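Look for subunit A in each of the two complexes below; its partner is subunit B in the first and subunit C in the second.
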Partner chain A sequence: MIGLKGCLNVIDNSGALLVECVNVLKQKVNNGWGSVGDEIVCVVKQARPISEATQASATAVKVRRGDVRRAVIVRTKKPVRRPDGRFVRFDDNAAVLLNNKREMLGTRIGGVVSADLRMKGWTKIVSLAPKVV
Partner chain B sequence: MNSRLFKLVTRLASSKAGSVEYPFSKNALLPVPLAVPSDRADALRKGRGLMYFLQQNLPEPKKRQWLQTLFSRQHPQRLLPGSVLTVTLEHAPGVFSGVLMSVRRRGPDTSFVLRNVVQRTGVEMQFFVNSPHLKDIRVIQRAGGGPGKEGRRQRRAKLFFLRDSPSKMTAISAGLRG
Partner chain C sequence: MKLEIDSFSGYRIYPAKGKLFVRGDSKIFRFACSKNSSLFLQRKNPRKIAWTQVYRRMHKKGITEEVAKKRSRRVVKHQRGIVGADLAAIAAKRNQTAAIRSQQRLAAIQKAKSEKKEKEAKKVRPSTRAPAVTAPKISKQQMKGGKGGR
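Our next item is the complex of A and B:
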């Protein structure tokens, strides 16, 4: 249940570390809740320092503190129900950054992701993840 | 006339569960109804002995055996919280192992929660014993088995404090490997 002001860890290598949710895109209102597999609009609160190589190149993605980006939620602390009645609960909230066309910004994912992403259509993220639970 | 009869017979012979009994969908899966003995039918319809009948007949034989031994309250071989189990599932992730944190005993609705640390992230999964997706439960280490601190019986029924203390999780897993 990620809503306005919810903080998530970023588990890809785009450069951001912590993002704060601003809007959940599946709802038409501002006060909705997002779960695993939902797209959100978020503000980057903490980011890794950008190396000189990335600063010099024009095509590399530069994620800085204060950027407004989109992301998809991959882990939640709130238990998510599977169709057979199982519940899965992680110890933190995590997201993967996206661009406006629902493509990933980073190239690698470092951490567990939830298998509910496959049901919502994020097969690229599921295939890149080192472990899917 | 003969062809119409033939078509009727073949249609009835090849009817799946969805076409005749459930007219709204061809792909609906209808579960097999419970076999009720005729002498108990009247009493059960009035509600007498209903819960006991459901507890004995609703789960499959293997699951019923699990409920009576592994998940009962007094059986000598019951699972104590703090045991390490491996669960085989039909869907993702396939195999999940973890420390048994809690058993929620509700008869046919019994469930248990396993906690594990996967890639530095804690993951908890709640499994329902009667789910057809749950294929197998294997006990790797029983709580209260070994000597010393690791094998000591847990003094709580629900081990939710493991969420805040990773050191206790490593203590249980260290006893496992050692």
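Our next item is the complex of A and C:
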């Protein structure tokens, strides 16, 4: 249940560390709660410092503090119900940054992601994740 | 349908029951009911909670039946015949006395010796034949007709 002002950890290597949700992009309602697999608009609150050397390389950190980006939620503390009736709950809220075309900004993912992403169509993220629960 | 077991109490979790909790270090914990999950989050030690499987195993409660069953499983070794030698042949060979064995050994030695002698006789005979006539040796260079040696 991520809504306005909700903070999420960023688990890819795009350079951001913490993002704050500004808007939840859902088909019908724009205010509301975002869950696993939902796209949100967010502001980068904390990012990894960019040095000149890393900027030149291909795996450069791409975002700065204060950037407004899109992201997809991959873990929530609020339990999510699976079709077989189980509830899955993670220990934190986490997201992966995207660009406007729903493509990932980073190239690697560090950490667990929820398997509900597969059902919502984020197969690229699921395939990159080291562990899917 | 796989029956999971509860990470706190050791009970079985049937489908559509309970919760799955993924901790920050990606370790997975399954709970059958809110009682177990609540105690886990209060960081209680299941080894001290009397109704959990962990406690019961530690204090050896209700285990006597399992232990009694385990005793009776001594493996008995049966002697079996193989394709080349059936059971009778194996038994016969094993039960030969030392005298017979030494006799067999002597016989085998005699046989080997006589065979060896024959072989040596055969070898000597062909070498007394005249060596085959070979053509006069011409060196390769002469055949090729190279330059008159400088």
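Assume the second predicted complex is superposed on the first by the 120 of 133 C-alpha atoms of A that agree within 3 Å, B and C clash if a C-alpha of one lies under 4 Å from a C-alpha of the other, contacts with A are read in each partner's own complex, and residues count from 1 in each chain.
Throughout what follows, a contact is a pair of C-beta atoms (placed from the backbone, for glycine too) under 8 Å apart; a residue touches a chain by one contact, two chains touch by 3 or more.
What you see is a predicted model; the values in this text were computed from it and never measured.
J.: Do subunit B and subunit C fit side by side on subunit A in the superposed arrangement, or is it a clash?
T.: clash
J.: Which of the two partners, first being subunit B and second being subunit C, lies in contact with A:Phe87: first, second, both, or neither?
T.: A:Phe87 contacts both subunit B and subunit C.
J.: Just subunit B (first), just subunit C (second), both, or neither: which does A:Val132 touch?
T.: After superposing on A, A:Val132 lies in contact with subunit B but is clear of subunit C.
J.: After the superposition on A, what does A:Arg48 contact: first (subunit B), second (subunit C), both or neither?
T.: After superposing on A, A:Arg48 lies clear of both subunit B and subunit C.
J.: Given the superposition on chain A, which partner contacts more residues in subunit A: subunit B or subunit C?
T.: Result: the larger residue contact count on subunit A belongs to B.
J.: Is A:Ala115 contacted by the first partner subunit B, the second partner subunit C, both or neither?
T.: first
J.: Which partner does A:Arg64 contact after superposing on A: first (subunit B), second (subunit C), both, neither?
T.: neither
J.: Of all the subunit A residues, which ones make contact with subunit B and with subunit C?
T.: Common to the two interfaces on subunit A: residues 75, 79, 84-92, 111-112, 131, 133.
J.: Show me the residue ranges of subunit B that touch subunit A in the complex, using the header's touch definition.
T.: Touch residues, subunit B against subunit A: 90-93, 96, 111, 118-128, 131-133, 163.
J.: Please give the residue numbers of subunit A that touch subunit B in the complex, ascending.
T.: Residue positions touching the partner: 75, 79, 82, 84-92, 94, 111-112, 115, 118, 130-133.
J.: Within their complex, state which residues of subunit A touch subunit C.
T.: Listed in rising order, the residues are 75, 79, 84-92, 111-112, 131, 133.
J.: Taking the touch rule as given, give the residues of subunit C at its contact with subunit A in the complex, in rising order.
T.: 15-24, 26, 28
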